[in-house]
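As written, the chains take the letters A, B, C, D, E and F, and residue 1 is the first residue of each chain.
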């Protein structure tokens, strides 16, 4: 059913196949040869048969840095939650919410997505929209102190690393 | 191991699945496959019938799991009667459909096969939850078939039909929950045993379950306050579908006479059941309403739909008497009325096709090209349906009247039955004279009736005569069916023994 | 210690569920309600997992997994419906 | 065989006639009919000596002995007498009809029907089995219906036919009831048993019913007041039909029946009063009205009504010779009325009309017919020495002898005399008005032409018979009527003193008075006509039609008041039925708490259930805002899932969850095209009613659920738990039940899903929507349907979800999961691609043969089941095995997995087929493009 | 617990019945869904309520009755199929009849999709 | 009910307890935000971050609890966590987009105007009220 009309690559996504194999082994909670075989077969078969659904192949320049980026993001998430907690428990009237347009310099779709997600997961910001020409992200800020600082922070912490990793 | 009992379910299932698998198959190929399977199905059930005649009753344990744990099919005389009746109706209905009705929408043949599968399954199963499942199979197929061809009337009637049956299904599940919660089993024979041994404290709940089941089956069988979905649905359906639907109301009836005598009346007379005591007045009211409806109908299809109600009212009233003889008479009448009303649905369509925009409405139009043939056919059919001699309607009516007299129920039943017959006579004579005698002065319709369609109608209407001529063996058979039904202990024993055989072999 | 904390955690999540349902019922906008339902789904995952620890069984963790998947898909479907008036086009 | 042939020959003839002669003007049908008539008459005559001597010939042909329905024939004097009239008349009518129809269409049809009728009529009079007699009885009604409607394009013909059928058919049903009562009481439907002296029906408690029902049958057939209305309206039939059916034969069937059953049912006061009253009323009504009819056939029809009344009255009188008089008059009536009808037919042919005000002085044109008619009319008028006079005089004598209501002893003879007077008057009229009475006036056929000799021959034969019977009255009465009457009375009658008839006594003067009175009335006809015209017009046909229309209309209204097309009412009725039926049973002394100890409520579960209820109530309260209600429905689904999870049903939780999401998406897809809000249109009353029904229903279900849960439980579950592993090869018992123990249910279940998907495909196939309603005022749609962020994130989700799906599928047999859930996960993952991309985008990327997928899934599941047949096992028998493979280690193979794969495939195919076809509705895919 | 559960079943059923009696297709369909929830929970309870006793061999000492679970599973699937169908049918009826009243006749006005 | 016989090292037990408790607290915080905040855009913040994190912490706790001696390491929790973190922003984005599309008002005093340049706004470029039904 998901076998597409045009199969272009016999092994479209080696990394992803590996990820699926690990996922499988974790799911079945076993590393018996049989399960490895099944996991490997599925890990190849599923990306193979659905490759047309995921046509873009983002070339990771530096997988290690991506991992690092994730880690930093995680820390940011934790931090952001503490700050958001304070905000939430404050009297909402004292908050100064804002919509901020963040000018994008990224062009890669995956990178934009990653950026938008990072923004949403981190302190007091939610990416609320993307302009059709992908010129800027509309960001809703729960409590805005300084718009420029916020934009600069995002650019420095997320956009720049992402451009380096993904573009 | 003899697998015959399961084949009447599998054959249409596989045929239907095959037709769905090959959606680009040409119409003629579909017809060929569908018709072949239906005819083969007729052969199959006849063969099964001969085996049942030989053994009385077969018990087929699916998956080899002993009852009451696994699902069993228990083809007995009643099953065979219903199976053969369905197949007999299905063949001409399908042939009729193959003349063009099947092309009015998608997947007619697959749906038709699934419908047969559901019907056959319902007639064969010995497990009450499995009965529910087959009810759903036949219902979903019937929803689709009812809507086959499209149009506003169908959408409207279909919506009602579907919603009401969904509520019926919910009630069915409710009753099943009650039964399982109190007995812990689903096999009908086992249920019977457990219910007859149930503690006194559970009796009100079990009775309530039986009454909910009465409502469920009553919706399908068209019992009075539950039947109002029927006239429009049957009037709106495509002719071959309506013809097949003639057997659909009988499924509800089948379920009644399958479940109640066996499951709830193992150790008490049927007539003592609360459900049965309700059935009597409600059925009589149904009969009365059907008669009035026949008189008030404005189209032949609508009239036939009300004749279906008359017939179900009659049937339920007579089975409500609870005697073997009454049951036998009812079963004979069931065969007669199913084939005849089925044939009449086709006939109404045949006429409608000849009369242009007037359709089967009872208005005056130009003369039909084939009005001689059609008129004679109408005459025969009307006579048979109204219960006049020499056709099977008369035979069955005479029998039912006698059986009800023996039960001391003549005082109410006779006037109603005879009165309904009278109203049918009035209505049919009016319809006939409008269709065939009265013509507006415009130019005659010059289209001839399709010969194959005509033949299908002749076959079904002719059943009235055939059933009358072959009444003696059929009556013997329905007597034996009734006798078997009224001895539920044998059923229970047979299933129990089959269970023992299987567990012994395990 | 886990045993002590578990009921407290469950109680806190129950409170969360209540607050989510409040938002779902209260609105005012349909987006608020969707948000309420989405959060309800997320918290239900935690409740299931805590229930699993409580019953010492990970048997129902697939249910949590499915809630994550299904909750996401239904949120997407609903927001898409709001924006496009259609879900699949 | 001989008995059978009497009935069978004409019936066979009826079938053969249309087959052998295709031209409807051919002579062949008449020849066949004639030959059959002659044969039957000969057969009857050959038996006459024996039968009249008292022999009773009986032949049995067992058919349905179980319900007493077997053809059995009987020829006794009574039957022979009637059979001879039927066959003999039939012969003459055949001859007459041949000339009547000469050159006209319809002869074949007519002869065929006539033969059918003759056979049926012979069947009635020769039936030994009373139940089987009904077959013939109804057949005569039906044939008569068709014959009356012979001229289909004439409105009166159609109406007359219908009226006849309704009245006689209805009477037949009453008769059926009566016959069944008799048969039940006697224990047999054979006349030999019923008429046996030891049978005591008259003391049966149901006797009044038997008599009443039989009487209704007889009265409708024999056109007795008030059922007589059909007969005049039946005159629209061709004249041979009127002459045969409606004067000579069919209308006598009722009288035959009374005569036949007289031994069993007669000799009671009930018999006497009911029958003689009916007869007298008919006699008077018919005679009176006949006088005022200007149409020859109508006059004759009312005259027939009157004479039938007379005969009925005689049958009802309990005097010793009444039966003789009745039968003798019956013979005379047949002989004189038939030629008069034939005359009417011939005159119509000659003049083109039947209106006596226009037909005059035909004696010049039709001299022979004038003579014939003179004889017949004289006999009808009761002119001395003719048969009619004799039988009528017998009637007068019997009316005086009768011991009806002693205080009113004079009444019967007085009424009889009045009837005789009118009878004489109309007899004069029909003769005088037609053949004399000046010149014809503007006839349609001018000059009147002689229709030929042939058509007059049968009438002449009958006129001759009138003379002969009159001449030899004594021997006819002694030799024929006597034995017949004995047979009818059930015992031998004393010799009838024929000299009494020639005696000049009271009866003679009554006859004379009637004659003269009749003459006077006839002379004074013009003022009488004017007087009659001033009576309020009471056209039976109009009344009948009005009644029928009214009945139809009332029925229609009544039915539509009940079946009013409101499904809300139907649903309420269904639910109320369940409540009303089950409610009282539950309330009568049930112990709600079954005795088992209850599980204590833990707060979390309690909260979950409360939230579930809150969601449900929220759906109700918020249902006017549809999307909102849908969200709450989703929430309710979530809490149902949690409930299942809490109460140890992980499989259910998984299934409920996946199904819920799918269902909500499907509902949302549909909601795109539906109004977003539900109007506030229920009245307060309606809401109250619904709330009441809902409360009762919910209360009932809740209480029953409680009652069940608190009762002890013993189930077959132990078997499943113990056999799941060793027998089914899986440790997830629910899954083993689904794919093995009760795999057949699952097969049915996926079939339902597959059918539903195919049905959705069929429903949406020609439904193309390019347009939809705005959700709210000034609503417009975003132009970008596929936001980038969603699109990007959806891509990796698909393979991961498929992996999860594979995992859920493979572990299903041992752990919660299985083909169904895996299928839904796959479907949901793909539907996310529909949402993030588009239908077209997704479909470019996959083969989309969803229907084949459904079919293949079903075939796979079914094929797995069939596989076991090869090994001699029952359908769906499972097989599993454990293998130890080198390198790979432990491996378990089970057919159940294959079955589950079928389930998986069907579910994926069905779900996607539904989604895709709903999704395509607003998408321009090109007209009629099929998806799936 | 049984009592509360029974109340929940009753409330679901009552809500379902009330909605099923509405005049527009969409609430009716939602009512049918609620009704089937109620009925499924009812059927489920026919095997009695058991905590932490899934019918998976080896998972618990005294597993609950698995049969009602299998029945409810079948019922869920069937009612899903039926819901899908009736939704589409309601849609089709609304398009063809130009209103979404269950009887196909809008008491107020015609609505055009 | 829970396997209390299982002896966990104290620090692990404490870690699990901490994770569960803090997770529940954080999640509750998110829900409080959902309930308390004055407009839909502000309400989005709580669930998107706090609930996701809270549930994530709970899942981590569960993973450790089951991983250490109960049933072995199970992937479901990892998968769920990853999945939640991946999808929460998307959901939030979609919801915000929907709210914007529906022109749900933001609280008084919100800085910035999301709708000021209608044609420049996400998803609005090619759409106008007059052409709403033509696609």
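What to note about this one:
The definition used in the following text is that a residue touches a chain if its C-beta (ideal position, glycine included) is under 8 Å from a C-beta of that chain, and two chains touch if they have at least 3 such contacts.
Heads up on the chains, UniProt names are A = Na+/H+ antiporter subunit E; B = Monovalent cation/H+ antiporter subunit D; C = K+/H+ antiporter subunit F; D = Monovalent cation/H+ antiporter subunit A; E = Na+/H+ antiporter subunit C.
All values reported here derive from a predicted model rather than from experimental measurement.
Of all chains present, the one whose mean CA position sits nearest the global mean of protein CA atoms is B.
Note: the chain lying farthest from chain F is D, by mean C-alpha position.
Just to note, of C-D and A-D, the chains joined by more C-beta pairs in contact are C-D. Averaged Cα coordinates give chain B a centre that lies 17 Å from the centre of chain D.
Rounded to a whole number, the gap between the C-alpha centres of chain B and chain E is 28 angstrom.
Per-chain CA centroids place chain C at a distance of 10 Å from chain F.
With centres set at the average Cα position, the gap from chain B to chain F is 56 Å. Multi-chain contact residues, meaning those touching two or more other chains, occur in chain D at positions 565, 567, 571, 575, 646, 650, 669, 671, 701, 704-705, 708-709, 713, 715-717, 720, 742, 745, 749, 752, 755-756, 759, 763, 771-772, 774, 779, 781-782, 784, 787, 789-790, 793, 796-797, 800, 804, 815-816, 849, 918.
Those residues of chain C in touch with two or more other chains are numbered 10, 17, 30, 34, 36, 55, 59, 62, 65, 69, 76, 80, 82-83. Multi-chain contact residues of chain F (touching two or more other chains): 1, 30, 32, 44, 52, 71, 74, 76, 79, 83, 86-90, 93-94, 97, 99, 101, 122-126.
Applying the touch definition to all chain combinations yields A-D, A-F, B-D, B-E, C-D, C-E, C-F, D-E, D-F. If you check the complex, the residues on chain A that touch chain F are 23, 25-27, 29, 77-78, 80-81, 84-85, 87-89, 92-93, 95-101, 116-122, 124, 126-133, 138, 140-142, 144, 147.
Against chain A, in their complex, chain D makes its touches with residues 784, 787-789, 791-793, 795-796, 798-800, 802-804, 806-807, 810-811, 830, 833, 837, 842, 844-850, 853, 885, 887-891, 908-909, 912. Residues 1-6, 8-10, 12-13, 15-17, 19-20, 22-23, 29-32, 34-36, 38-39, 42-43, 45-46, 49-50, 52-56, 58, 61-62, 64-65, 68-69, 72, 75-76, 79-80, 82-83 of chain C are the ones that touch chain F when the two sit in their complex. The residues of chain D lying in touch with chain E in their complex are 565-568, 571-572, 575, 598-602, 605-606, 609, 612-613, 616-617, 619-620, 623, 626, 629-630, 633, 636-637, 640, 643-644, 646-652, 655-656, 659, 662-663, 666-667, 669-671, 673-675, 678-679, 681-682, 690-691, 693-695, 697-706, 708-710, 713, 715-717, 720-721, 724-725, 731-734, 737-738, 742, 745-746, 749-750, 752-753, 755-757, 759-760, 763-764, 767, 769, 771-773, 814-816, 820, 910, 914, 918, 921. For chain B in complex with chain E, the touching residues are 129, 133, 136, 140, 143-144, 147, 150-152, 155-156, 158-160, 162-163, 166-167, 169-170, 173-174, 176-178, 180-181, 184, 186.
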